[in-house]
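Got a structure here, written out as structure tokens. Questions coming.
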């Protein structure tokens, strides 16, 4: 449900007292409502659904799955080396 | 001014209390308002302007120009014969 | 329909060849086949695409394809027309039939044997499929009747309100026999003009079912494929110099184009022009001139005077030519202009239709 | 795109070949190039016009005209397409340019040398003449670039609200060299599929300026005439079996049609398919699949495996082929069907677009 | 067609022309008042078969081309409204106001429709209750009964969404204005046959008497016109100035009483501006106050739109018979049916348009001259709009 | 693209799949609640790289396909009005109600428009003050903040011509209904990542606890889904039933407080009918009375339109994870994306449509079977409309 994709905030502005922004998706720019990610700053990423930012993407958390994969790699190496 | 052509009344009827008729123009039929030629009967000719009959065509009067031409013919004959 | 070269001189008309009438937007008259259409073609399309074939402004382009082996290749006639007629179904025909006949006839009057058609459909959302099916079936039978095969096509759909049910563009290919060369540029003073039948039938049939003007009479369009009539004519009378189907803009446009292209005058005899009783009635009623009303399934031929009587006689043996008539002459006077001797003996100029035909109050 | 004969068996499908989806009226999807378009063609147009050339459902018909003298005449390719693109002017092109490229490319991918075009215009009242002039000028320069001559045309005008500014139907004629025979029926298991560049650029460029979806980014259409690229390809690689320009319905439609027509399976490698960054961004944002997005100025070629690498190398030397890539194979399995190996190794079927592409919420 | 074909006979025409030639002894200038008659004259080339002594001049008898620029501007303002279906006779749509013609407005999206009859506009109003249907009620006395009938019927049918923009004009005041013009050359009139079917011949008696001009109420076919000319010439040669009725097959001396009564019920006489001529007192009809609810001018508040005509063209003098189209330096050059500058070029009935279409221009110019450089053209719409 | 491409890595996918295979010891049925996740699974063929013990079943997580037939009929009734511009997300337009879908209605002349965002519909209302602009506000919790923002903004901007037809649905009540169904086989959930960005993870704790099901809130890319499955399988194998957050890069445990506050301001919880499932108590949002002026259902008086669904398809059981598309005799035969009979075929996110599009049907049928004789088809719109 609910197509949501990460986009990079390029700039912010207000319109009718609502926080809006220009957000980039792989080189394409779109107007997005940022009212619910009020602390966002340029170059941060937001998760956008129907032109509305639902949350900020957390860069640290984003790497966790790779840390986990890395662990598995080391596990593999261990297994590979210990017979 | 005021394109008007003779048409043959085919049938009459009333619509919204107004006298209307089906009028033929050289094989083409058109709805015409006959309210101002109230005594018209089928097969008589009316002079129609913008879907409205202005007057009945008088058959006797219609022939007058030809009578006049006929007179001239006779005149011509006379002139031709009398030197 | 090409004008004397000077008429298009940019020095004379400014660098911009956009039509210089009072319209800076398209109005219906630009599609009426008369003066505005002519201006659009002469001032916008011809200058943009300028090339010999297009500038001839025949109803079809005649092409010769080079062959690898150096053999003389056949001459191929190529034509296209868009069909936007409303209503889609009318007495005597429908848009599909018209789309086949129109293109077949443009080939035939150029002396080509029509062989192949393409059809591109622009459909408006909401068109009942049943209507489309009926149109397509009608096209098929028109193709069969005319002896052509529809070999390629395309379909596009546009939003509701951005089209009008169905538009069909057909293009046609035909084979031009070696040695045959009909052209509206080749009329010569002394030639005779022959029409294949009564004029105005198609245009009045369409008008008779149009909103706001409807008659209570069913008038039938005369749309028909002219292939066979043309064959009979050319067999009997190879001296025919040119033919044209007087469609949009009527006889007036076809003859003005001929007069322009050949640099000759045309003189018509009003009393000789065949007009059906109902077409006359409708024209009188609406204040229209049959010379400006569209035809489908009729043609005008230019023929040397010595063959004219014989041509008319031959045409009258064909169902599509039974009302054929000699309607006028090509003259050396007033080149580029069409005149008409009225039934009471006066003379007038038959100009191109200005704008589109509108019913008149006066 | 023709189906196994049984699919059209009237016993199976009833006597009425009208599309039997839930629509009894035309909807936009019928023009989307996907399943509904396919149904319309298969169930309405093909049965009505039934003949060998049309049923081949190539993008162009290849014709041979008999000659009087019995000499073997050249083979002529004939194609038509209607262009209804909105807006008229878009980044990287306009409707006029597209109308020339589209028809030139249909000829080129059939192996023909494009030579002549016709153009039929359907204009809506109120169209600024300046816009028409701009479109026509663009057509002329597109013709010059592609080496074709526009030799005949037509113009019709429709009432305001009965059209949408300009529709253009072009038809094209090209010469097919003796001995050359490209056909979407001739793909063989083992063949490779090559695309000439990134996909989806044109469709996304058009979408990017469409009301309701506008991006704040100017994406350029990739519209281009493929004549020269095709020439280079065929010179280097005469073994090419088929080509197609994946326009409406995108790569998915082109390959499904190929699979159907040749009775083979197609297997794509998602990771190998070139997609530009911005097209990817736009597709992610709107929930679209680039495989279904329209292209202009791109082609897909089917080539025997042994020549594939060389073909890609040759294409990359051409400006229009610099992103050429080998994207999949023809297989004997699942005939008539296109599958794709995803970037994470799973497999799925790439069906025809169902209806038209709509931005998704989910 | 009966009552048409027999009046288009070339043998009869020759005889009548010969009789005229036999009768005439010196030059006479005769005006056919009506545009329909002008049409017949040029379409059939009738003036070419008349003796040189007889000069026909064309009167202000085209209802389309005498409609004032400001009335067209008002029509434009009304038809521009999205809630309006604007209905008109076909030939009125091509007449340019200050901001182009109604066909152009239609091409820009306005709902402008051609009707054959004003009664068709009433039916449209009934069929479109949520729209405002406005009919452009132009015309001479001839068109007054159908237009009045439309208004009367709309009121009777309680079609509150139907209204008319009235720009009716009357013939006798125009004839009087012509006869009173300095330099007037008109010595006799072919009277307007169709107008007289409605109002009869009585209104013309005082004019004939006061100005000593013969007036022959005449029909519209070639033989009618030739007989009309013959009768006028006879009067002139004999020094008479009477009203005669050549068109008795359609015209009763008293006109049509039912029509006159309906006109009286719906319309009142008013001053009226004529394109090319200017204001003529008591020369038009307006709606009576009882029909105020169906008055488009009031409903859409457009009576404040007033437009000055440009002084470029000589159509006023042409309408009065003082000049001919060829006397105008713009004729066929910057002024063509495609781009008309004045009243007499705007409709195919107008004298300039008729000359352009039917060959008089052969003598001086060529129809292809219609294509002239844009620099030479006047700005679109020669008028200047004043909104107060 | 950053935050997308790195989660679509085939090496990582293989490793995760291998880890799952190593972990699993017996069969488990896991439901991904969300249609977006279903989409990823079939698009990337993820279920094909999972060990056979792991069965993924697809939940009712497509907002388009769970919208009730009667809501679509109400939308149809509103969009049919000539004064209305009806705006919707693109994929909603293809969903058939009793009288066809909104694309068909558009093809018949209705002004139906696709918008990318509900805020675009607000702009349309501002740009078209003389029209009624109605937005079809469907969606799960994810779409509630943008929809609420549209209503809030319209009120703030006094756009009295803007209203919304609300058909919002909520995930937790649907999960509860599934777990309570007789014959339920679902032993764990991949939780709806995007829903949780708004509402957080807290609402799922009671469900995990009460029904003893692991719930791993999961993202939408291949690596997300594989990690989600791995985490679920570990819990299952270890006998745990906890709420975990795989999608922590976007989901805060407490969700988005601003979004929750706005939802509370604009919406109130209500009972809601789900297509294919039926009424689930307290499973939706409706507008609060304070926003009554922007309620399209009230404004256009359509709440009396009620429609019974046909009993033909098994989409309800599919939505609850009890059956798979192939268990339906209509799948791929009389029911196709072209001619969908039930909720799960109507959107490309629906389980039946996803199977149809992405290859599960390879096993049983052929896409060309979509072309079936018209006799075999059900009448257009399987539902029956009841207007009270």
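In this document, chain identifiers A, B, C, D, E and F correspond to the written order of the chains, with residue numbering beginning at 1 in each.
Going forward, a residue touches a chain if its C-beta (ideal position, glycine included) is under 8 Å from a C-beta of that chain, and two chains touch if they have at least 3 such contacts.
Note that this is a predicted model, so its numbers are computed, not measured.
Colleague: Which chains does subunit C share as contact partners with subunit E?
Modeller: Touching subunit C as well as subunit E, we find B, D.
Colleague: Over half shared or under half: which fits the residue numbers at the contact of copies subunit C and subunit D, same or different?
Modeller: Interface between subunit C and subunit D is built from largely the same residues.
Colleague: Can you compute the centre-to-centre distance for subunit B and subunit F, using the mean CA position of each chain? Integer Å is fine.
Modeller: Subunit B and subunit F have C-alpha centres separated by 76 Å.
Colleague: Distance-wise, how many Å sit between the C-alpha centres of subunit C and subunit D, to the nearest whole number?
Modeller: Chain centroid spacing, subunit C to subunit D, equals 33 Å.
Colleague: What is the distance, in whole Å, between the centres of subunit B and subunit D, each centre taken as the mean of its C-alpha atoms?
Modeller: Centre separation, subunit B to subunit D: 65 Å.
Colleague: So what's the Cα centroid distance for subunit D and subunit E, whole Å?
Modeller: 58
Colleague: Can you pull out the residues of subunit F that are in contact with at least two other chains?
Modeller: Correct list: 1, 4, 35-36, 62-63, 89, 106-108, 116, 120, 139, 143, 349.
Colleague: If you look at subunit B, which of its residues touch at least two other chains?
Modeller: If we look for residues of subunit B contacting two or more partner chains, we find 1-3, 5, 25-26, 30, 50.
Colleague: Scan subunit D for residues touching two or more other chains and write them down.
Modeller: Residue numbers touching two or more other chains: 23, 25-29, 125-126, 159, 161, 277, 280-281, 284, 287, 360-362.
Colleague: On the basis of the stated criterion, which chains touch which? Give every pair.
Modeller: A-D, A-F, B-C, B-E, C-D, C-E, C-F, D-E, D-F
Colleague: Report the residues of subunit A in contact with subunit F in the complex, numbered from low to high.
Modeller: Residues 1-6, 8, 16-18, 25-26, 30, 33, 35-38, 45, 47, 49-52, 54-55, 57-59, 61-62, 64-66, 68-69, 72-73, 76 of subunit A touch subunit F in their complex.
Colleague: Spell out the residues on subunit F that touch subunit C in their complex, using ranges where they run on.
Modeller: Listed in rising order, the residues are 106-109.
Colleague: Touching subunit D in the complex: which residues of subunit C?
Modeller: So the residues of subunit C in touch with subunit D come to 18-19, 23-32, 37, 40-41, 44-45, 48-49, 51, 53-54, 60-61, 63, 65-69, 71-74, 76, 78-84, 115-116, 118-130, 132-133, 136-137, 139-140, 143, 149-159, 161-164, 167, 169, 171, 173, 175, 177-178.
Colleague: Over in the complex, which subunit D residues touch subunit A? Could you list them?
Modeller: It is residues 208, 215-217, 219, 277-278, 280-282, 284-285, 287, 360-362 of subunit D that touch subunit A.
Colleague: Using the touch rule from the top, collect the residues of subunit A that touch subunit D in their complex.
Modeller: 1-3, 5, 7, 22, 24-31, 48, 50
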